[in-house]
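Both complexes below contain chain A, partnered by chain B and then by chain C.
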Partner chain A sequence: MEKEVMSSLKMAGNILCSASSFIRKCIFGDLRVGPIPNHIAFIMDGNRRYAKKQKLSHDGAAGGGGRYDAGFWALMVMLLYCQELGVKYITAYAFSIDNFKRKPEEVESLMASMLEKFHLLDILVKRLAVRVHFVGNLELLSNELRASAMELMEATAAYSKSVLTICIAYTSRDEILHAVRESCEQKRIDLEFDNDDDNEIKLMKVEKNMYMAVAPDPDIIIRTGGENRLSNFLLWQSCWSHLHSMWVLWPEIGVWNLVFAILNFQRNKTYHLEMRKKEKEL
Partner chain B sequence: MWHLLHVTIHLCYFAINIANALESHLISKGLLRRYKSLHISKLQYLAIVIESEDCRTSNVIELLQWLADLGVKHVCLYDMEGILKKSKDFILEKFDGATLFQENDVLLDQPLMTLEFASLSDGKEAVAKAANVLFMKYLKSGSTSSYQGEQIFTESQMGEALKTVGGNGPEPDLLLVYGPARCHLGFPAWRIRYTEIQHMGPLKSMKYGSLIKAIYKFTMVQQNYGK
Partner chain C sequence: MPFSLHFSPTPLITAPSPLSKPSFLVPYYHTLHAPKSPLCSSMEHALTHQGKQEAFDLRPEDSQTLPLGLRRDAMPSHVAVIMDGNRRWARLRDLPVRSGYEAGVESLRKIVEICCKWGIKVLSVFAFSSDNWFRPKVEVEFLMSLFERGMQEDTGIFFRENIRISVIGDLTKLPKALQELMVNLEEATKNNTLFQLIVAVSYSGHYDVVQACQRLALKAKCGLIEPSDINVSLMEQELETNCTEFPHPDLLIRTSGEFRISNFMLWQLAYTELYFAQSLWPDFGEAEFLKALLAFQQRQRRYGV
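== the complex of A and B ==
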């Protein structure tokens, strides 16, 4: 009797999944009639509030580290949906330099959780042919984490179907400073070897040295958790980005949230394009 | 089906706009209690981003008057093309209650509102100019050691370099976008790390009640700054 009930439940579950998958495919097909963003960036806010709601421990080492697990899977689901829609570039704000100010045990737990997730990420991105970039001040990470990140970047360098950029130990100000420093170093070397007799650093040079030069500027920046600020994320790249804030906490983000964000983007697409053109003229 | 989706979204926003217009009317009449007392002191520096094609000086002056009535002391007016910069003298002449913000001004309570005018050239181009200032320092230091680099390429040095080229004002606490879409239109990136960004719709449809609501919402925000 119990087996029959379980079997019926499983069948009902499969039917529901198939039905929701069918509806999703239809909606995505409709969305593709309009312009699809080339690059979506996510500020993954709300993990701690979600963990509090679900009463999850923050201590990953003790096996209660579900706090960021749900956030990781939410990112993977978004990656899948974006790939299905045809969004080529996805960027996620995983860890800010400002986050180092948190309690040491929390930072340690988060770093341990990230290292653990890299192995899962490795399997998933290879399956989906996704190129992975880790951008930020990677020198601030532990040797182990940095080495794993470099390994994953090398392993996926040949993939081109989608590009997932994970901002880790990142802030915009640090990125701008890094780009300025690199530009100055390169200009000094050019002057020293007489490769260049113009000692002015141009804007294009600074832009080429940005961490985020690996992707075009984002079309949409989605922030979950209900806040309306960029928190030192993609400040340089977001001039013409549609800023979309949603109340849902990051681990709870679903397909309808993404669909709504893209519909909003499509409403204003012409305006964003015009602004980008104007910037070039100015 | 795509058109149906967009018509549905359009109708939803239409309904939301009507509700917002009604709420704004009630707020401006003082009928909604919670908006009656604004903790305006929390708003140290306000930035207003306006779509350049929407920059009617009469609307801008009216907006400034509203802000002055609410007690806002320091405002930065930004538009991409610098139309407001060009109309700076006219605006300061027509709006009695303001003086031009000076680079070295400290954000203290002053009798008159201070006004700063910014445009796209104060953003990325200013950073490129500041890069050249730091480059000169770097060359003058004569050393290529990483220690020297760490002393020169710091946030405070960058801030000073931006001041030198005229591209650094205070970081706004709140940025109000008056335009068709929710984007900051190139407001200087260096200055909006933790700035709350609120979209207000086109300037020609601006409402006093909506302004109060936006400032109220800002005063209720708690920031962790990454912690």
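== the complex of A and C ==
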């Protein structure tokens, strides 16, 4: 009797999953009638509030996994949905340089959580043929974390179905300063060796030196957690991006949030893409 | 002539519109002005040939007279505005585009007055983007003449009301006469202290960073700095917003329901609270501004931490 009930429950579960998967495929099919963004960036805000809601401690001792586990899985789910939709580039703001100012135990917990996720991330991205980039001031990370990041980048360099860029030890101002320093240094070398009297540094040159030169500018920047600000994320790249703020906390983000964000993007797309193209021609 | 802020001409073919008469006039109060720099001749000319201009009370209001719910201690020091929706406003009313710009200027004037009354120190407005050069030539020429006429007409107000004007952007693309006018106005009002209006003309956030980069590259070429020395402080000294004590907007308002920065002040907006209003710029008045400020005051700012 019990076996029959379990078997029925399992069948019902499968039917529901198939039904929901079918509905999702239909919705995604409808979305694809309009323009699909090439690049979506996520500001993954709300992990701490979620953990407080779920009463999760730093080390997950209260049960239910570590504080940031749910956030990691939310990112993986978004990656899957984006891949299914045809969004090629996904960028996530994982850790800001400003976050180093948090309490040391919190920073430590976050770093430990990231390190332990590398193995899982490795399996998932290889399965999905996703190329991974880690961008930011990686020198600020521990040797172990930096080495794991470099290893994963190398291991996935050949994949091209999707590109996942994880911003870690990153702020946009730090990125811009890095690009400006590189551009000035290159100009100085050019002037020394080529006798080049042209002092002009063009926009393209600065852009080439950005950490985020590995991906095109985002079409949409989605911020969870209800705040409406960029928090030093992709300032240079966001000039034409559609900004979408949502109240849902990052670990709770679901397919409908993504669908709604893309629908909003589709309403306003054309004019700004043209402007972006013209600016690059200058 | 009633007060109208710089980019507003009087209508070209009709008498001044009813919109140009402010509804908020209060008896004139003598305000204390900081000593002003000596005027250049074109400024003096503008002053002596101004018609009678109605003044308005620009003293910061006491907290009791601020709108209900607004806290003086939590007012943003610097508000930035992307004044979007002027053309749409005109199209919706079957009016020519220039009517939209005129209405937009009225809106700007009101917002400047409110900023002065409510204790906001700096207002930055995105008047003309680098990308706007791609608009039809006739429209661009019209806007340039609008700026020129408006600046000439409103010079007296800036001096009388202690308003400092700063212009940021690639001015080399502007007509020579307008360039000269802007530079002279900036110079002449640089010691005014009540309020600063920063007008972004032929400006973009990318342009600002690239021009700062070029200036730093020149310094590096001359051996004044090493590229590796370039830090936040050196960078901010070269950005065009070095003209103000408050270079980073606390609040950015964009009207007309678009959810984009559109290449405005990218570096400076790192921690700025963003507010997107549905109304078109000419309809954005005191009530909408109050809503934006109330929303700002509810926000918890963490500066990335």
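We adopt the following convention: the second predicted complex is superposed on the first by the 261 of 282 C-alpha atoms of A that agree within 3 Å, B and C clash if a C-alpha of one lies under 4 Å from a C-alpha of the other, contacts with A are read in each partner's own complex, and residues count from 1 in each chain.
Everything below uses one rule, namely that contacts are C-beta pairs under 8 Å (C-beta built on N, C-alpha and C of every residue); 3 or more make two chains touch, one makes a residue touch a chain.
What you see is a predicted model; the values in this text were computed from it and never measured.
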Practice task
Specify the outcome, clash or fit, for chain B and chain C once both structures are aligned onto chain A.
Solution key: clash
Practice task
Using the superposition on chain A described above, determine whether A:263 touches chain B (first), chain C (second), both, or neither.
Solution key: first
Practice task
Using the touch definition from the top, say if A:98 reaches chain B (first), chain C (second), both or neither.
Solution key: both
Problem - Partner chain in contact with A:208 - chain B first, chain C second, else both or neither - result: neither
Practice task
Please work out whether A:161 is in contact with chain B alone, chain C alone, both, or neither, and reply first, second, both or neither.
Solution key: neither
Exercise for the section: Check whether A:119 is in contact with chain B, with chain C, with both or with neither, and answer first, second, both or neither. Expected result: neither
Practice task
Identify the partner contact of A:33: answer first if only chain B is touched, second if only chain C is, both if each is, neither if none is.
Solution key: first
Practice task
Could you tell me if A:25 is touching chain B, chain C, both of them or neither one (first, second, both, neither)?
Solution key: neither
Handout entry: Footprint overlap on chain A, comparing chain B with chain C
Key = 96-99, 101-102, 171-173, 176-177, 180-181, 183-185, 187-188, 199-203, 206, 227-232, 235-236, 238-244, 264, 268, 272, 275, 278-279
Exercise for the section: Provide the residue numbers of chain C that touch chain A in the complex, in ascending order. Expected result: 130-131, 134, 204-206, 209-210, 212-214, 216-218, 220-221, 227-228, 230-232, 235, 258-264, 266-267, 269-276, 299, 302-305
Problem - chain B partner contacts - residues on chain A that touch it in the complex - result: 26-27, 30-31, 33-34, 96-102, 171-173, 176-177, 180-181, 183-185, 187-188, 199-203, 206-207, 227-232, 235-236, 238-244, 263-264, 266-268, 271-272, 275, 278-279, 282
Practice task
Write out the stretch or stretches of chain A touching chain C in their complex.
Solution key: 96-99, 101-102, 171-173, 176-177, 180-185, 187-188, 191, 199-203, 206, 227-232, 235-236, 238-244, 264, 268, 272, 275, 278-279
Problem - Partner chain A, residues of chain B touching it in the complex - result: 1-2, 5-6, 9-10, 80-81, 120-121, 123-125, 127-128, 130-132, 134-135, 138-139, 144, 149, 153-155, 158, 180-186, 189-190, 192-199, 221, 223, 225-227
